[in-house]
Amino acid sequence: MKKALAWRWTPWVALALAAVFPFLAATLDAQYLVRVGGVIGLFMLLGLGLNFTLGYAGLFDLGFIAFYAIGAYTTAIAMRAGVPAPAALVLAVMMSLAVRALLGLTILRLRGDYLAVVTMGFGEIARLTINNLDALTNGPKGLQVAPWRPLAFLSADPNIQYYLLILIAVAGGVIASSRIEDSRVGRAWIAIREDEIAARLSGIPVRHYKLLAFTISAAFAGLAGGLFAQWEQFVTPESFVFWESILVVSIVVLGGMGSIAGVLVGALVLVGFPPIMQWKLSADWINYRYLFFGLILVLVTLFRPQGILPSSRREAELTS
Amino acid sequence: MSASKTPPARVLLEVKDLAQHFGGLKAVDQVNLTIHEGEIVSVIGPNGAGKTTFFNVLTGVYPGTRGQILFNGQELRGMAGHDIVAIGVARTFQNIRLFAHMTALENVMVGRHTRTHQFLLGPLLRTAAFKNEEKAVEVMAKELLEFVGLKSLGNELAKNLPYGAQRKLEIARSLASEPKLLILDEPTAGMNPTESQDLVALVRKVRERGVTVLLIEHQMRVVMDISDRVFVFDYGVKIAEGKPREVVANARVIEAYLGKEGAS
Amino acid sequence: MLVQQLVNGLTLGAIYSLIALGYTLVYGILTMINFAHSEVLMLGAFMALGLAALLPAIFGEGLVGLAGMFVLSMAGAGLINVLIERFAYRPLRHVSRLAPLISAIGVSIILQNGVFIWISTQSLTFPEPVAIGQVEVFGATISSLQVIILAAALLLMAILHFFVEHTKLGKAMRACSDDIQTAGLMGINPNYIIALTFFVGGALGGAAGVLYGMNYGSIKYNLGFLPGAKAFTAAVLGGIGNIRGAVLGGFILGFLEVLASGYIPNGAQWRDVIAFTVLIIVLLVRPSGLLGEKLAEKV
Amino acid sequence: MTFRKALVVAAVALSAACGPKDTSIKIAVAVPLTGDMGTEGQGLRRAVELAVEEANASGRFPYKLVAAPYDDRADPKEAVNVANLIASDPRVVAVVGHYNSGCAISAAKVYARAPVAMVSPAATNPEVTAQQNSADWAGPRMVFRVVPTDDVQGSYAATFASKKLGKKRMALLHDKTAYGQGLAEQFKKTFLEQGGKIVSEDGISVGDKDFKALLTKIKNDPSKAEGIYFGGLYTEAGLLLKQMRELALKHPFAFISGDGSMTFGLFDVAGDAADGAYLSIVGVPADELASAKKFVEDYKARFPNDERKPFDHFGYEAANIIMAAMERAGGPDRVKVIEELRKTKHQGVLGTTVFDDKGDTTSKIVTMTRAVAKKRAFDSVR
């Protein structure tokens, strides 16, 4: 019982610490970590998003970064057209959702690895289209985005502002994820992941629910993309390569499929590790960063094949 | 051949000239049968007789090639599997299909899907309606676990349950959708006599809840014990039906089971 | 021009096919995407480059040396693939379906960065195996290189076909591919057969790496990624797990790319978009690929 | 337990890899050191190291200078990470970087807030410096660029093609990157102005190996192109040359490209097929300028196993320009160095470098060279 109570408070303590951190960073000589933390947060959002598709519904998606790209470019293009920044974020989410729903309608009848390769194909199609449609996206030269400083009253440092904004988004994402997970809808998804036929013959409209999970994912990616574009004030196709999709899949699987805490830890480790090495490794070792990164992937997988924090099911009170 | 008595109750399921062909293979062909409300009916037949295929057509896994399936007068053919559950037909599987990484309780709660309504907004905002529904689902699921005798195992992951318990859990899950017709595919497969007895008792209890039961069964002792009526399948065709005693005495049935020599 | 483009497509397709075979063999037996296959391909090319410096002293110049370089690089690449399976995949075989994929991604990153750090950060010249001559056929210019590549690829495919269809080991491999548990019950040691499959797949990847090096004349630490991703696509297009499908998919992709850049205005920059769109359409019509068997799930 | 052990081992390995603290002054080299562009970045890193080592040896500075490498992987997100790391390290005086325009544009915004000077040796997108004119620019103008923007080289090559080589119809290729496409667009503009015709225009992808289909199309097109202008880097250029030869696309069919292709790597990729390719280079060729000649020799002596990459001399020059500014500033002060950089008038491997008010080099000297495979050299064409 005590342990359960401690666990209940852990997320709130973590959130509080994370929220206070950027204001202490300067004294800790760790401003760099505010930036890194923000980037980790963006990938937490991406991981939370993909967790609906891959973690809950068990649909293998290797092109998820396309929706991050769509979010980023929608935001950039909208803001350049004079749309206010918050509205641009809403547009980004809606656009990602719409494209994702259309894609899902066409390809979701494919199974397993066939779905993986088709989503990978879509990821590349999206990136190449962005790179080739110079008239709309300015092609490889990228688009500048006007600065938006939503939390200027808290800090003049844009890194701190976006760190906090992203933290709010992540916290919201975690709450939304856990609430949906622990409901009829979440149970339906996990049932589909575990056994599609049994799920259907238990009364779950499998195709609708797959489409739902697949689509909801894009809201997170679109929001993350929009925040990314606003923070960097610049978007280019180079940010949305296949490797990034693999990274997000790795975050979800390495963290623990379907486990919200797992996704957060997965992003912390996989996205945090290379920049920390950049900071802490001496010049002679800088080339080894991604060699170590690969080693981490292999070793963690071998020692924790179910993920760092595998999902655990909620325990019900049985003695009533 | 069919029993020529006055019907004991209302017709629940009426299958007319049903067929399921796979290319040239007639897995199910020309099946006509009727099931009445409140009955326990067994389907028997040698391996490969088309029993499971028949169940699969009934529950929408296969589309069927021809014929009609009328459930309470409503055509099931062409209906999606989950809609069939919604109008009151639930089933279990020959090779147990539980949601392995969910708890026993959650497995049953999933079975409640068609009888609940809360979608995204309710859970997101934790509305009162959502909380009430969740509470009700949980209460019902616990009640069902108790009903099948798994009360204390509710928090175990389904994959960690003993074999017999998994079978019972599947039944609890199907009951959660409040079916009028429960279809059990070899519920006693792999069980020892005591466990089988246990299950027979459970099936009777299910009927007492007002649920009609259709099952595939191999253990003749169970069939004789439990069934009101029996259908016999061979090569995809229904070759006999009747009360258990009548069917066992039927020459064609003996032939199907033992070959020509046995029949003569 | 059409003849020329067909020849171009044929060479490209042959290389894709060889790589695709490596993916499909492994997938057939373990239903896993061997993400590190592209690095096996790259290592095959690097071994060949190393051997190219050594072998002429032993075998002399010409075809014998060339064949020696081929066989040894293939064996080396096969061995590497076996080692990857042994240490990075086998411990995860029965644990989960996605864990081996992540491990494979890790191995791929390690190998690529290892070569980058310890062997070379830059493009290395790959020696020309024979003096490049050209023949004019039906208005198409065919180089001796293209002939060698095509011949070598087809020969390897023929050997693979013979091995799988007509030898005892090959049959055991197919049996495992159909149903690894049953095959185990029949007295086939699955670990042994899986290792064999990785060896054969890796060797084909190594061969593709050598041909790749020959065809494009230089090799680099990251050469495996792009053809690897494309060949994997080709394998899926043909029906992953199906050997003939991999070959068919490889050639189709080769032709598609050539036709897209050769005939569609501004097609080169849309080439991959076109190729992937065709893939998606094919899979929508045939969800298990062109030659893949439809998986009917037993209920 | 085993998992914990592995963690401990990893931690120990990491701490062993962390260097001891020192007090030297840093010039950051922020370029891709790993990943697909790692090859090019490693070259820049060496060039800056060479410049810094020479400065230390000369005793010009009362403190020890180091070239501190930062890896942006050619990923804009990592470039901004790196920029934040650099900005938060007070020992970094200025930055040589970044390699990609996308990285340079994003990272410059961070350097501006610090502020710390960034001198780019390779990013050619005009926006890299032009963005400082925007009303949104948060900080002083601190972006400088020793490499000329696309327009200088592209137009020179176009004039060369039409006037010197007498070409009327050219096929245009580029690698769909900011650099390659920029060069090609400028070539097209000038070539059309001079009355030439662009018969086809195609984009390829970096990493592509097989251009035979594309080259076959160009070869057989009824519009009969007389040559190709390629905007891109030496790997793709080398493969194009090699495959042109295989398809018997030879002299007088011309291949013209920019400085991204003018490197020894071209010979490694194309072999003999590189022979006769025209490549433009910004500044005076090495053999005509003593300082440039010395750089070539020193580089070879210091890094005998590594050949120079296309932008290495720009990296070397960027570092030297920064150090000259430090000298004039009288100390490693970031803001003073920015001010001194604006006043740069530097004699170096690129000739004379002066920055205009945007921070771009005013040097418009372009030389055309011709590759000679046998001696692995580029002879200047007059």
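Order of writing sets the labels: A, B, C and D. Residues in every chain begin at 1.
Keep this in mind: a contact is a pair of C-beta atoms (placed from the backbone, for glycine too) under 8 Å apart; a residue touches a chain by one contact, two chains touch by 3 or more.
The shown structure was predicted, so the numbers you read here are calculated from the model rather than taken from an experiment.
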{"item": "Distance-maximising chain from chain A - centres being C-alpha averages", "value": "B"}
{"item": "Chain nearest the global centroid, as defined over all protein CA atoms shown", "value": "A"}
{"item": "Between chain B and chain A, distance of the C-alpha-averaged centres to the nearest whole Å", "value": "42"}
{"item": "Inter-chain centre distance, chain B versus chain C - centres from mean C-alpha coordinates, in Å", "value": "49"}
{"item": "Separation of chain A from chain D, taking each centre as the mean of its C-alpha atoms, in whole Å", "value": "34"}
{"item": "Separation of chain C from chain D, taking each centre as the mean of its C-alpha atoms, in whole Å", "value": "35"}
{"item": "Multi-chain contact residues (two or more partners), chain B", "value": "61, 93"}
{"item": "Overlap residues in chain A, where contacts from two or more other chains coincide", "value": "128, 131-132, 197, 287-288, 290, 295-296"}
{"item": "Sequence positions of chain C contacting 2 or more other chains", "value": "113, 116, 269, 272, 299"}
{"item": "Chain D - residues contacting chain A, complex", "value": "2-3, 6, 10, 13-14, 17-19, 33-35, 38, 66, 68-71, 74-78, 80-82, 84-85, 88, 100-103, 105-106, 109, 113, 125, 127, 131, 134, 136, 138, 176-178, 181-182, 203, 205"}
{"item": "Interfacial residue positions of chain A with respect to chain B in the complex", "value": "176, 179-180, 182-188, 190-191, 194-195, 197-206, 311, 313-316, 318, 320"}
{"item": "Residue ranges of chain D touching chain C (in the complex, touch as defined)", "value": "34-36, 38-39, 42, 176, 201-205, 207-214, 216-217, 220, 235, 238-239, 242, 245-248, 265, 267-271, 306-307, 309"}
{"item": "Parts of chain C lying in touch with chain D, wherever the complex brings them together", "value": "1, 4-5, 8-9, 11-12, 113, 116, 121-125, 128, 132, 134, 141, 143, 145-146, 212, 215-218, 220, 222-223, 225-227, 257-263, 266-269, 272"}
{"item": "Residues of chain A that touch chain C when the two form their complex", "value": "60, 106-107, 109-111, 113-114, 116-118, 120-122, 124-125, 128-129, 131-132, 197, 242, 246, 249-250, 253-254, 257, 287-288, 290-291, 293-298, 301-302, 305-306"}
